[in-house]
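Heads up, there are several structures right after this.
Two complexes are shown next, each including subunit A; its partner changes from subunit B in the first to subunit C in the second.
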Partner chain A sequence: MSILDSFTRIRLIAGTTFLEAVRQKFFNSLLIISIALVGSSTFFQQFDFGTGELKFITDFGFGALFFFGSILSITATTQLFFYEMENRTALTMLAKPVYKLEFLAGKFLGAHLLMLSFTFVITLVLSAILYWRDTALVARLGDEVILDGPLVRYGDVFLFGFLQWMKFGILAAMTLFVASFSNTNLYTIIVSFFLLIICQLQYIARDAYSGMEAGWERFLVLGLGLIFPNFQLFNIGDQLVFDVDQALPLSTVLQLVGYGVIYTVAFLLLAQVNFRRREI
Partner chain B sequence: MNNPAIRIQNLTKDFSVGIRGVKLRAVDNLCLEVGDNEIFGLLGPNGSGKSTTIKIILGLLEASTGTCEIYGKPSKQVDARRSVGFLPEAPYFYRYLTGRELVRYYARICMVPRAQIGDAVDSVIELVGMTEAADRRVATYSKGMLQRIGLAQSLVHDPQLVMLDEPTAGVDPLGSAAIADIVRELKRRGKTVLLSSHLLAQIEGLCDRVAILHRGKLVREGRVADLVEEKDAESLVVEGLSAEGRAAVQAAIEAQGARLARVEKPRLSLDAYFLKEVHQRESEHAANNDSEGSN
Partner chain C sequence: MSLLQHPLTLRLRRILFVLLILSLLGLLTRPLEGPAWRVVKSGQPEMNLEAIEGALGQGLVVGVLGGFRAILADFLWIRTNTIWERRDRVKMDAMVRLVTTLDPRPEFFWINGSRMIAYDVPNWRIREEGGYSEVPEARQRAIDLEQSHQAFDLLDEALEFHPDRAKLYLEKGQIYLNRLKDDANAAKWFLQASKQADAPYYAARIYAELLRKQGKNAEAYTYLKDLHRELPNVPYAQKGIILERIRELENTLEIPFWERFQAVVEPVLEAPRKAPAFDVPEPHDHAGHSH
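The block that comes next holds the complex of A and B.
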């Protein structure tokens, strides 16, 4: 019963967090910019890239999703957390029979929900544009080449969006972790961006590790590789959408989801450790 | 319930300020007990540690040393807050919600059973006198209205202990009087109320007991009457007494072996005067509106 109550409270806190976020100009402007950018990729059609055009649009769209999604994930999470702390609505909330972990989980889920809507909209726009160019291309080339399948696997565009969303989840949880011990907005955002870059480039360390001799350096690199999730794992867009012969095996998708969930939960629990001691 | 509503023992709270671990003592070895169904006032100038004490009671801050219990449960336990309502100092709420939505939201957070939420929300909104404005957005509320809706959210789950941090700060005398009435009503319903204030006049007639804090230390604690009454003096208020009459009274008093210490005009407090005047005008205004309405 009390576990159910916990979920109810988390859901309620996530709800206000999400509503708060959707009302922010920042989210709306970022969404519009991203849509505009994805849309603008079609201007390149005049260069007539042929089937390469579709690849170009996809790369462009995925790039925009990654770039703006990361910005939004970090800034929105920071904003939403500090909004409650600075306006002392957190004070009212935590004076009720609400666990601090429930509060954090609610904040996280609200931000995560925000990222879900963002990712979904961008992915939808991207698919629509791809479909439009795809049909135009097929109409033009239809007689010349024999296609043994669709040019683009649309389901996989969404699968890629979903995996990116999992990654944004880790990022939001890391941001909450930073926010849990920092006193200012700006510090949180800057540190989180550093973490993002580390996670993005983490594979370099991994490569270096494989070439290293045993010793404390190797140990250090290994440790860093475990602490910071490897965000490159989630960037499998090309293989997903265009590799017609080889769809991504379900087991890989599940592994990635598991990887994301573990890191997300771990960072949330770390955030909780700090947040418990925080003076509100 | 044999446990007092609040029991604070040897409570000390240090904040570390500055980089070299400089400590600021906000609460200093405080011992207090608040009994059940009591209106207790925590008085003191700004910065004397009232809010800090309240936050520790609520488990929002951790005590440096000492203990604090609510009805026998340690403050640190989330469970201890199940039957506690809290109005923060200068409350601030989600601005895009209406007053009613806000109160309903907190009712759900506090796990008020679904079937009772509607009634619970309506009745607290009525109790705080916000029925008319309840469907407006919180963003449009005045200071006094925010305070009232804050009071409503703190009461919606029918808590046994209500803690109000500066409930009358920044509220006009009319609003303060209304809040005082609500506090008395809560006492009548058997609740315990702890409120803090630096506006002493407003608290005087309201609290059963008060504690006065200064720089985190308890200066005095006791019943208001015990603290401020001149124990060995009484005042008689008389009307229509002539000069000769007064001389005769004085003679009679001295004949009893007592002494007439001073003669002064009884004065209404400015607060009371203001309230009387405003109430009179309000009722005239209402009467005029009624007669216009019936025409």
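The block that comes next holds the complex of A and C.
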């Protein structure tokens, strides 16, 4: 069996997984809720106490993308994995010349493609709303202000979406890793959510204890920082979209992409280590 | 079955293996994470343990993690106002801290939070202790000082996020002036405010008036003369009022006629420099003050 055949099998499993996922009611409901929420950001703006209109809409959209994206990434990956286990279709598939790693990679890619669709739709809706409000704002201000360039950098909206998608990749791979040794759907979802919270907050612990003198707490926090990936790295919304003094350098974007890819591959390989021993 | 083959030992070995791999991975990715983290961290409002604890207490941690910090801070601010109406000062103080920690970007939270702490809470405390007629002046003064210093702490924190915003310097000056009746310290802060790029024209005028109030007429005279020369001739700059005050000071200081200030007559600019936004009072300010 050549590598090319292996890629073909992964592509086939990923394609089927993606189609299954898109047909899920959960995905469609979550997508509709997210679109509605991003669409209603202009309504929520009336509760705002000081941020500019466009900034508020952007924050709100980015928030919705991360919040619902994280939920979808964890639940969809879990459901897609356990669906095969519970219906015994995994058994049929693995009885054929399909490696367990190919199965896992296919499942991951299917779920990740789903996240790509979700992220793309949300960023598209957010960009459309920003464009609508941007145009209205410029028309209202008329000649009062002279603009050096566009108010919103739309490319940055998509860049943020892309980096969030990278983060969802780590999250999905991490969920697969948990699923590889877990027996139930619920356990996988709960543990994955806890992992998400730890990864999102570990930098605070690191910051808080960095000034401490050597002690077991310091080593514990250092270990925590090493074991769990830092998801806060991808929280770059404040540095994007608007004409800020320090735009995000390309080197940082590349570093974030590299970081995301390394962790995704590592968690997939760790999932494979567990899954290889698992009896289906 | 040997100890090494025991299922528990095997499981423990597997866990240790995973932890070891992840730790190595952490070390391997440090060259990527370190520089990226420095760039990302410099551009985002800091989230600390205090904020997380507060958000946890409000059941909001998932929302905070999810990036809805701005909207959650807005909703918590509405709740802060409900608590303010109930005059629950301990909870109000905690809520102001939580809101400003969650979203330190809008000045609105800092300014109105400090106003609540410096102006409203002393009134509540004095009333709790029996009212203005019962509580001795010294005690009232002590309460005012204590609350004002809490408000100053909040504003100092705000200045770490917005070091060049005149509004925050003005707020400190206003508290010294209106609550503590401390003209000398108020003058310092009005001067600081007037030096900021977005300073309203009145900040410098109030500074000069405070110098006069302290009896520093000569200093006020020199300052106003310089101010009159520097300001553009636009309606918001109120150069007429400044000239009037210069003349008053010349009379007070008995400046000889031939040494008096010669104002250059300039045409009023057709398209005046746009007045700073807060020359106009904000519609939803917590405690509006006229200048």
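The definition used in the following text is that the second predicted complex is superposed on the first by the 264 of 280 C-alpha atoms of A that agree within 3 Å, B and C clash if a C-alpha of one lies under 4 Å from a C-alpha of the other, contacts with A are read in each partner's own complex, and residues count from 1 in each chain.
The rule we apply is simple: a contact is a pair of C-beta atoms (placed from the backbone, for glycine too) under 8 Å apart; a residue touches a chain by one contact, two chains touch by 3 or more.
Keep in mind the model is a prediction, meaning the values are calculated, not measured.
Colleague: Clash or fit: subunit B and subunit C on subunit A?
Modeller: Aligned on subunit A, subunit B and subunit C fit with no clash.
Colleague: Calculate the angle at subunit A, using C-alpha centres, between the directions toward subunit B and subunit C; round to the nearest 10 degrees.
Modeller: It works out to roughly 160 degrees.
Colleague: Could you tell me if A:Lys96 is touching subunit B, subunit C, both of them or neither one (first, second, both, neither)?
Modeller: In the superposed model, A:Lys96 contacts subunit B only, not subunit C.
Colleague: Kindly classify A:Leu270 by the partners it touches after superposition: subunit B alone (first), subunit C alone (second), both, or neither?
Modeller: The answer is second: A:Leu270 touches subunit C but not subunit B.
Colleague: Using the touch criterion from the header, give the chain among subunit B and subunit C with more contacted residues in subunit A.
Modeller: C
Colleague: When the two structures are overlaid on chain A, which partner does A:Arg9 contact: first (subunit B), second (subunit C), both, or neither?
Modeller: The answer is first: A:Arg9 touches subunit B but not subunit C.
Colleague: So in the superposed three-chain picture, is A:Ile280 touching just subunit B, just subunit C, both, or none of them (first/second/both/neither)?
Modeller: Only subunit B is touched by A:Ile280; subunit C is not.
Colleague: In the superposed arrangement, which partner chain does A:Ile227 touch: subunit B (first), subunit C (second), both, or neither?
Modeller: Only subunit C is touched by A:Ile227; subunit B is not.
Colleague: Contact-wise, after the overlay, does A:Met85 reach subunit B, subunit C, both or neither (first, second, both, neither)?
Modeller: After superposition on chain A, A:Met85 lies in contact with neither partner.
Colleague: Please give the nearest C-alpha separation between subunit B and subunit C in the three-chain superposition, to the whole Å.
Modeller: 8
Colleague: Spell out the residues on subunit C that touch subunit A in their complex, using ranges where they run on.
Modeller: That would be residues 14, 17-19, 21-23, 25-29, 32-33, 35-37, 39-40, 42-45, 47-49, 52, 61-63, 65-71, 73-75, 77-78, 103, 105-109, 284 of subunit C.
Colleague: Please give the residue numbers of subunit B that touch subunit A in the complex, ascending.
Modeller: So the residues of subunit B touching subunit A come out as 15, 55, 58, 60-62, 78-79, 81-82, 84, 86, 88, 90-94, 96-97, 105-106, 108-111, 150, 153.
Colleague: Okay, in this complex, where on subunit A does subunit B touch?
Modeller: Those residues of subunit A that touch subunit B are 5, 8-9, 12-13, 16, 19-20, 23, 87-89, 91-99, 277, 279-280.
Colleague: Once bound in the complex, which stretches of subunit A touch subunit C?
Modeller: Per the touch definition, subunit A meets subunit C at residues 44, 47-51, 56, 59-60, 62-67, 70, 196-197, 200-201, 203-204, 207-208, 223, 225-230, 232-233, 235-239, 244, 246, 248-249, 251-252, 255-256, 258-259, 262-263, 266, 270, 273-274.
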